[in-house]
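Please see the structure below; I have some questions.
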């Protein structure tokens, strides 16, 4: 890379470019598709720039405003954040290409999708790099508002209900998070993560704020007791929007829970065990609900509730072998983003072609849309944790850490969860291979939609092979 | 000892690449599809011959790449894997020729042959797996690539059969995964070693027995051991080439091969015997043999009868392996190949009858010998092999099994073998008698005549070739280069000689 | 109890009471008006806390703009028959029963 | 407490009991955390120390636009995203045409000219005395709201294009300034020493105009009718 | 009992009232009111808790609160717009699970 290109401040550009893109797309509604797509590529390029900087020069630090930690706000790009940035870049570009083709028959919706999507992307990139707890509150809000507006884009009754419920839950979560920030500032006089890590001395004045912040983030992640808002919102949104929500947005609040956990490393068995149990409940509840769904998008949305449960199984396992449990959970989050994104895009393509997404009427999708079904199948394989896929590697790491500590019960939960996931994925595939009695008219599906879904799914499978090179990136981060 | 990493990969690629290309071929590109299919099959056999020569000259074929922190993805061509790889490659060629003929003008053949090639790729990969993790990866991949073949017809019946197939095989996969994880937590390594890697470490026997049970049940699903066999008869709804390759060679043999790997290369046969796990397995295998044969007796549909016969025959291999004796091992491993050839012949013939005369029921076989002499001749040879009548090769493996059991003092096994042979006779001989000696019905269900020949040459050649092989290996059993000879070379290395 | 603290105590009780009244009111319009009053009392609280900038922001945005938005939304809610104050969900139900 | 309006078996009672329990526990936790530990000295000392070269003498404005300027940048993004979101929901809902009462018209003739004056004062005073872009913007927006509800409906027919340019101006200028200062090897938003005050004022002015338009846009509740 | 602690307590009180009303009131406009009250409560807590130390006035929490107020007005505006769209699309300004009930409203009182 020529020197001046390498010298560019990619961390800042990864946030500024999508913001500028959003403004440009808002001001020029007729050219929104072109602006939106080109700024998506630029943003992804910036994110890749940050990743390359990390690989060549190690963790990056950027003191915004030049004031430094206690007074100003720092941006930090360490192993965990560059993995998340990379994830957002890949899923983001795939969804952008898909959306351009998806919104062609909806000329009124396209100019509204792009500015909101670029605001969401800016919020994600800002959130993954920020090392300031209050700044994270603002990024969470920006993410929440643009996500809610994207869900409401569909305009139908259920979508508006889903968006409203999502907004209320998101605001409630943010306020709980803000109470935590207030108490942290009261106790330690700073909101910078690195300084908080040094000053945190345990006891009630750390436990309560941390509890409030994590509770707020669990609301926004949609972990089991707080999952009620997720399926209607993700299920009724447009396909590209659902892919973004399930793939990236819920991961952002999960990433924050991890970031807080790694910063304060709370000891004690109670909270991790609770999170683990909630995770297990989410796996069973989500999978059983997914099995009962009649519509494909709702099935995939409930699958998100289940797969999120997996991510929290790492907490009770992080006692003796933190390294393996955390990398397993983070790897699962990564491959879930790819796989779930691909699944929603595939569901969108099926919906566009058949005009409906009734599961038992998936009349021979395998012949009509082979690429889309391949995408759905590969994504399903990764979600179920069947080899060779990223999901398998993630589950293998969690299982290893469980068996190494003799905690067989968690291993059993992970394995049975994988079986349940396979059941509802293959139920759909079963119908996709079968000819249904009723005739359904066929609409034209642009090739871009099928190919992006397939490439994302192949990404999820490819993650199964690149683990030994991807996991060392996390070395500096895990406790 | 030079290490060559590329040949194993090439062997895999020789069916993977054509398969992926076939997926993209439009339906009417018949010529391209045939060349790709046959080219891939022949190339694979060629590469295997090269590899066998190499193994003789002591070349170590191993492809190793890190997959999960601490464990690698290993393709290693040792003597045992070559046995199974050769079996798959040869029978894949035969079945491809047969499938091309069988699916003459049926819909979406590109999809069929694509998954067909994927399935063989996973079978070959499973055979060449160098450690238990790679074996697990291919074991699950085999399920995923065979499912579309089972539901190929797209009917509701096929979907339900596919659902049962998945329920069992995914459950098996999960059990195998649980066992593998537990084993890795105990031993720290999963690499296959000639006399087992669990032997040296002094681990608590009770845990090891539980791990053994998990692993065996995991592979037992595909090896169709009694409680876990129900998927096999239902999967007969798939087209004939699928039942032929999958349920005579790929899927069922993968299960049996898994049992062989676990007992010989994970636990080691002597250590397993010490643990006392081999006897219950032998009993389970014996029960399966008898149960399979009894159920076969009452099957009216020809393919279901053959399916239950497979359930019984595959357990000969498990039985041979579970009797901890060198000669029994030879019998078991040899049967791996022999049963493959004999059973595939029977399925080919069943497919021919159905395709040419629309004959599906056992009762409709009367006088079929006159109408289709060559097919019925192959059927008879294979049937005799199944019963264990010399000179067909089935007799050889049963002979070694009996001898091996006596050598180790397990006399009850001989009675099981004798009993099952009688049962085999009971459900095969009436068919053969009816086919040759009873007058044919005045007109067949729906007959397609092929002019002078009894059926398309592509449908006739494969069964004749496999029947001939079964006969030849039976007659010249002791000659070098027969599967029996290769098996003796393998068995020698599995025991502490 | 120095006078400052006494004033603060009174202010806080008024603040909490107005908030409760705004949220628990049976009639929506009354709730919104009480919410605006809450905004003003709150900005007085900010002055007492030594944060004049925040007091200004709370008064201008919290009470002013938020109040305007709330009233505008309330005015545009469908299901309004003639110009009748005291209208909310229950009110709409009563309308349905009457019609 | 007959619950005629609630169908029997409605978990009202149970829900309220559980809710009360949870809230009390949370409140107790927060109270304990507040009282238990030591109270850390805030950052007032650090702010006072760095105030001279922050370009503003009012500490709150200095923190808002210089020390934690990045927060305000993202906050402007939130505001802009909100109006983009509201406008994406559809066209502006119809405001019922009711004849404005004379009292309103009289009040307007006094307040509407006064608002820009107060806004300018708040903007200018922001750097040294309580005030600032957001408060000024809100006052200007209040004038806009009065204008809209006073029956003369230009706002609803305001062409959407110029209004959207105005809406994006705040965040656009702030972002441009934040990036423009960087080439000298400086970090994002690191104002050069001498120019801090001027740049802050420039950013605040753009923000005020933009906030006023955004709040007015939010009041309209949807994308104005006439597409440019 | 410094006045800062009083205001922090008031903040907590507002939070409690807000959550109570958010969960129990059915009409969406009331839920938006509840969210705003909770927001003010959280901001009071932020500045009140910060000022408990009695030291000089700390401008950082104040700046955070101003940012918070602007964020909460944006969220409120979006929420209100959504409430209107729901009311037009479904006839009632309420979520499906709340359409028949209002748990706070009791005949007796």
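Which chain is which? They are A, B, C, D and E, in the order written, and residues in each are numbered from 1.
Simple rule for what comes next: contacts are C-beta pairs under 8 Å (C-beta built on N, C-alpha and C of every residue); 3 or more make two chains touch, one makes a residue touch a chain.
Computed from a predicted structure; not experimentally measured.
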Graph separation of chain B and chain C (steps between touching chains): 3
Chain pair showing more contacts of the two, A-D and A-B: A-D
Chain at the geometric heart of the assembly (C-alpha centres): A
Centroid-based (C-alpha) most distant chain relative to chain C: B
Most widely separated chain from chain E, with each centre as the mean of CA atoms: B
Interchain centroid distance [CA atoms averaged], chain A/chain E, Å: 28
Chain centre separation (chain C, chain E; CA means) in Å: 11
Computed distance of Cα centres, chain E from chain B, in Å: 68
Chain centre separation in whole Å, for chain D relative to chain B (CA means): 72
Residues within chain E bordering two or more other chains: 9, 15, 19-20, 45, 49-50, 52, 57, 60-62, 64, 66-67, 69-71, 73-75, 77-78, 80-85, 88, 102, 105
Residues of chain A engaged with two or more neighbouring chains: 134, 138, 141, 145, 148-149, 152, 155, 179, 183, 185-186
Residue numbers of chain D (touch at least two other chains): 5, 30, 34, 39-43, 47, 60, 67-68, 71, 75, 78, 81-82, 85-86, 89-90, 93, 132, 134, 215, 218, 221
Chains touching one another, given as label pairs in label order: A-B, A-D, A-E, C-D, C-E, D-E
Contact footprint of chain E on chain D as seen in their complex: 1-7, 10, 12, 15-16, 19, 23, 27, 30-31, 34-35, 39-45, 47-48, 59-60, 62-64, 67-68, 71-72, 75, 78-79, 81-83, 85-86, 89-90, 93, 132, 134, 215, 218, 221-222
Complex interface listing, chain E residues touching chain A: 15, 19, 22, 28, 31, 35, 38-39, 42, 45-46, 49-50, 52, 60-61, 64, 67-68, 71, 74-75, 78-79, 82-83, 85-86, 89-90, 95-96
Chain A residues within the chain D interface of the complex: 9, 12, 16, 19-20, 22-23, 26-27, 29, 62-67, 70-73, 112, 115-116, 119, 122-123, 126, 134-135, 138-139, 141-142, 145-146, 148-149, 152-153, 155, 179, 183, 185-190, 199, 203-205, 207-209, 211-212
Residue ranges of chain A in contact with chain B within the complex: 324, 327, 364, 366-367, 370, 377, 381, 386-388, 392-393, 396-397, 399-400, 403-404, 411-412, 415-416, 418-419, 422-423, 426-427, 429-431, 433-435, 464-465, 467-468, 471
Of all residues in chain C, those that touch chain D in their complex: 51-57, 60-61, 64-65, 68-69, 72-73, 75-76, 83, 90
